[in-house]
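Please find the structures below.
Shared between the two complexes below is chain A, which has chain B as its partner in the first and chain C in the second.
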Partner chain A sequence: MIRDVTRIRDLSDQELTHRLAQGLDLETGPFVFHIQSRESAVFNGIRRIYADFPVSTEAVRDFHVRVRRPTNLRRWYHPQVVFEHDRQSPFKPLPANHAFASLEWGMNWCIAGYAHQYLTLHAAVLERNGRAVMLPGEPGAGKSTLTAALSLSGWRLLTDETALVDLDTGELWPMARPINLKNNSIDIIQAFAHDAVFGDKAFDTHKGTVAHLKPSQETVLRMHEPCRIGWVIFPRWQADSPARLTRRPRADTFVFAAENSFNYSILGETGFRTLEGLIRAADCYDFQYSHLDEALSTFESLSA
Partner chain B sequence: MTAAEPHTQTTWCVAPAGSLLTAEFDDQTVIYHTGAGHTHWVSPVAAEVLHQLSLNPQNTSALYTALSELVSQEDLPLLADSLQEALEHLKKLTLIEPT
Partner chain C sequence: MNAAFQRLLTALQRPESMATLTDTEWDALLRHSRSASLLSRLALAARDCRGWDALPPRVRQHMRAATFVAERQIRAVRWEVHKLHEALQHLDIPIVLLKGAAYVMDDLPPAHGRLFGDIDLLVPRTHLGEVEMRLRLHGWHGTHHDAYDQRYYRNWMHEIPPITHITRGSTLDVHHNILPLTARLKPQASDLFTALHPIPGYRNLYRLGDADLILHSATHLFHEGEWAHGLRDLVDLDALLRRFAVEPGFTQKLYTRANTLDLLKPLQYALHCTQALLNTPLNELGLITSNKPRLHTLTQQLFMHGFASAHPDLNAPGARLALFALYLRSHWLRMPPHLLLPHLLHKALARPKVAKA
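So, the complex of A and B:
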């Protein structure tokens, strides 16, 4: 049976504004976010970056979130926004022009904090020919830049931020959310793919300048298709380095992944056994590179 | 006991709170302590020490004897130091303790 799906792009500006004021039910992989906001930056971000995403008709929403102006005098002089989950504000207010970035960070925070039906790991995941590559890494290692380039070169994006590992099957589930790029990475990817669609830049955030890259239509259309792990690769950008893959011990990969999981300790033995299955099924590498083209060729040969 | 063997008679047991889960990858072992919720990567000797102590508390000499049956004659001279190092590492990780 073909599901009759309304997508964000099907809504008129007036309808989208109305839905955002009342609460827009946005489907992102296995999650439904009920999003409320009257901020123009949120409207613009949803309109442009989430254009291909379905509006959920499910009765159950996983997360109720809101981006709104705080009710203090400061709003008269320096407009701010605050992110809320279930009417609670986990973060301090941010400048109003960071509203869409605030929504994105808040959505990530919800998944990291509550999605315990999965083992959640801080890593990007992409898929090619039915096998997934997971890219963990320290901040600044070049993970998001490489993820963006791969997603614009035939790899299906599952996630840029949080890997969702199925506790029963060990498969990786997509979220198909936008890729959050920072500072120089934005210019690098804009130069790499002139037709890449970005949201508005948010300047002077705690991470510098950030902008969100729209996921491909294929990524969104296949956001309910999980896949098996193939590789765990730790990327590191290193000036003047040739692209080089070197084997990484599985035990070391396991410990790093456990330490960079959002809920491994909460899941206890289930988390341990799920991660064991994932690492056992993966080939693990460190990957050093300086040029995106060389990096893409290396990944191309890996997936052939 | 030869000069190379450890002299201490300390008896060791695995940490009582919680249990230990292990996952072996090639010659490496990852240990999860359910009590503390911590994950560690330990050497093959340390993994075998944990296995022996999970059977019953043992002193260092007994551990040495048990492990010496698993290593080649060629590696035997290195065992005493490896065992001492493993015991110290496991104690520091609070995976084992003296009885």
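So, the complex of A and C:
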């Protein structure tokens, strides 16, 4: 049976503005966010980046978030926005033109802080031919750039930021959210795929310039389809290096993944078992590369 | 009392009633119970009453997540107490665990699904120096270096400034009494040490006696003014009363202890409020309240605002004013006016950043 789904793109500008003022129920993978904001940056981001996403009709929402102007004097000369989860603000206010980035970070914060029905790992996940590759993130290793390029080359994006591992089945669930690209990566991906759709850039954030890449329609349409792990690959961009995969011991991969989990210690024994099952089922590699094209063909041959 | 608050109270009292809530009601109750640190408690209750399968799937997910957090906190408390015992086991004094840590280590009903803050302990005042030194050697160090803070704690309070472990980051509150030295009510710490229960498996770890557990929980709730956790603390009291009040002669014992320790007033507040909000069966306990003048209506209303302060949706009109009044009340009970006025002025003027935080 096909559900009669309303998507963001089906809403008129007026309707979207109205919903955002009252609270828009956005479905992203297993989560429903109730998003309230009158910020134009939030409107533009949702309009462009989340166009294909469904509007949820469920009464129970997972996270109630809001991006609003704090009531301080600054609003007259240097407007700011603050992110709220259920009326609490976990972060300091940011400049008003970072409103959409602030919403994205806030949504990630909610998942890392509360979604302990999954083992959550700081890693990107993509899928090809029914097997998932997980790319754990060392900052600056070029994880997001590679993830963006793969997602624009036939790999289905599950997540760019947080891997969700099912505690009962060990499968990876899509989070189906935009990819957050920083600084040079934005130009690299724009040059790589001219038709890639980006949100507005936010300049001078704590991560430099950031922009969000719209996920493919396939990512959104298959957002409720989990996937079994195939590989864990640690990418590292290295100037002038040929693309090279080298085996990485599973024990070592386990330790790294545990340290890069948001909730491994909260889940206790269940966390240990889940991660152990995941790593045991995966082929683990280190991956060095300097050219995206070479990297993509290496991944192509893996999944063949 | 607003409808959302009433629903939270009903869910706590009769978990089987959760099966009849609509999805819209759940959307609110999830958030309200989480803000009040009671979602994990509801999760365990739902499992116990076999109401789990009737819950909406999204609610079950959040409850499962909250249960993991609660279990993790219990493991963390056990580990921290183990390390604490390592540091203090060679001292020939009783180390008394208070509140959450005591419930966990003696497996008392309030421990189930509870979330914790810092670990509290009570030691004889004469041995404070020794205890502090041992704890420092094992990695717990003070964070309040300000001279005013030191004087505030050391001269007036019932505890030393909180100490934090340098690697684990856990915080300990070391007490030598259960109310400030300057407080209106004057429980004698030496009385508390006469009725201790040993914690099985540890050389010199104890918890307060059954009646004293209830009296301390009540005193903390109604005289220390940490209303953000007010409802959770009331749920603790409800669980303790249900556990101990069934024992023959307990009511008489509790009443006598309350008189000895000068804590009859907080006990009466506790009995009144648990009965009013959580329907705690009073049975003979009713005698303790019945022959006394009823709780002042204004005070009662202030407490209701306090219990509803965990989430803005639960507030009734007048909440802001009521919470300010509760704040003043807690200080009024803490110190006589000639100390209180300079202290509040210091908080308001000398350290605006801290006062705001």
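Convention: the second predicted complex is superposed on the first by the 304 of 304 C-alpha atoms of A that agree within 3 Å, B and C clash if a C-alpha of one lies under 4 Å from a C-alpha of the other, contacts with A are read in each partner's own complex, and residues count from 1 in each chain.
Methods note: contacts are C-beta pairs under 8 Å (C-beta built on N, C-alpha and C of every residue); 3 or more make two chains touch, one makes a residue touch a chain.
The structure presented is a predicted model; accordingly, all values stated were derived computationally and were not measured.
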item: Combined model on chain A: chain C and chain B, fit or clash; value: fit
item: Partner chain in contact with A:Asp252 - chain B first, chain C second, else both or neither; value: first
item: Partner chain(s) touched by A:Asp13 [first = chain B, second = chain C, both, neither]; value: neither
item: Which superposed partner A:Asp86 touches (first chain B, second chain C, both, neither); value: second
item: Chain B versus chain C as contact partner of A:Val60, first or second or both or neither; value: second
item: First (chain B), second (chain C), both or neither touched by A:Thr270; value: second
item: Which of chain B and chain C A:Asp240 touches, first, second, both or neither; value: neither
item: Least C-alpha distance (whole Å) that remains between chain C and chain B when both complexes are overlaid; value: 6
item: Shared contact residues on chain A - chain B and chain C; value: 265, 268
item: Chain A-facing residues of chain C, complex; value: 22-24, 26-27, 30-31, 34-35, 56, 58-59, 61-62, 64-66, 68-69, 71-72, 75, 311-312
item: Of chain A, residues touching chain B in the complex; value: 249-252, 254-255, 258-259, 264-265, 268-269, 272-273, 276, 279-280
item: Residue ranges of chain A in contact with chain C within the complex; value: 30, 32, 58-62, 64, 86-87, 114-117, 263, 265-268, 270
item: Footprint of chain A on chain B - complex, ascending; value: 21, 23, 25-26, 28-30, 32, 34, 37, 39-41
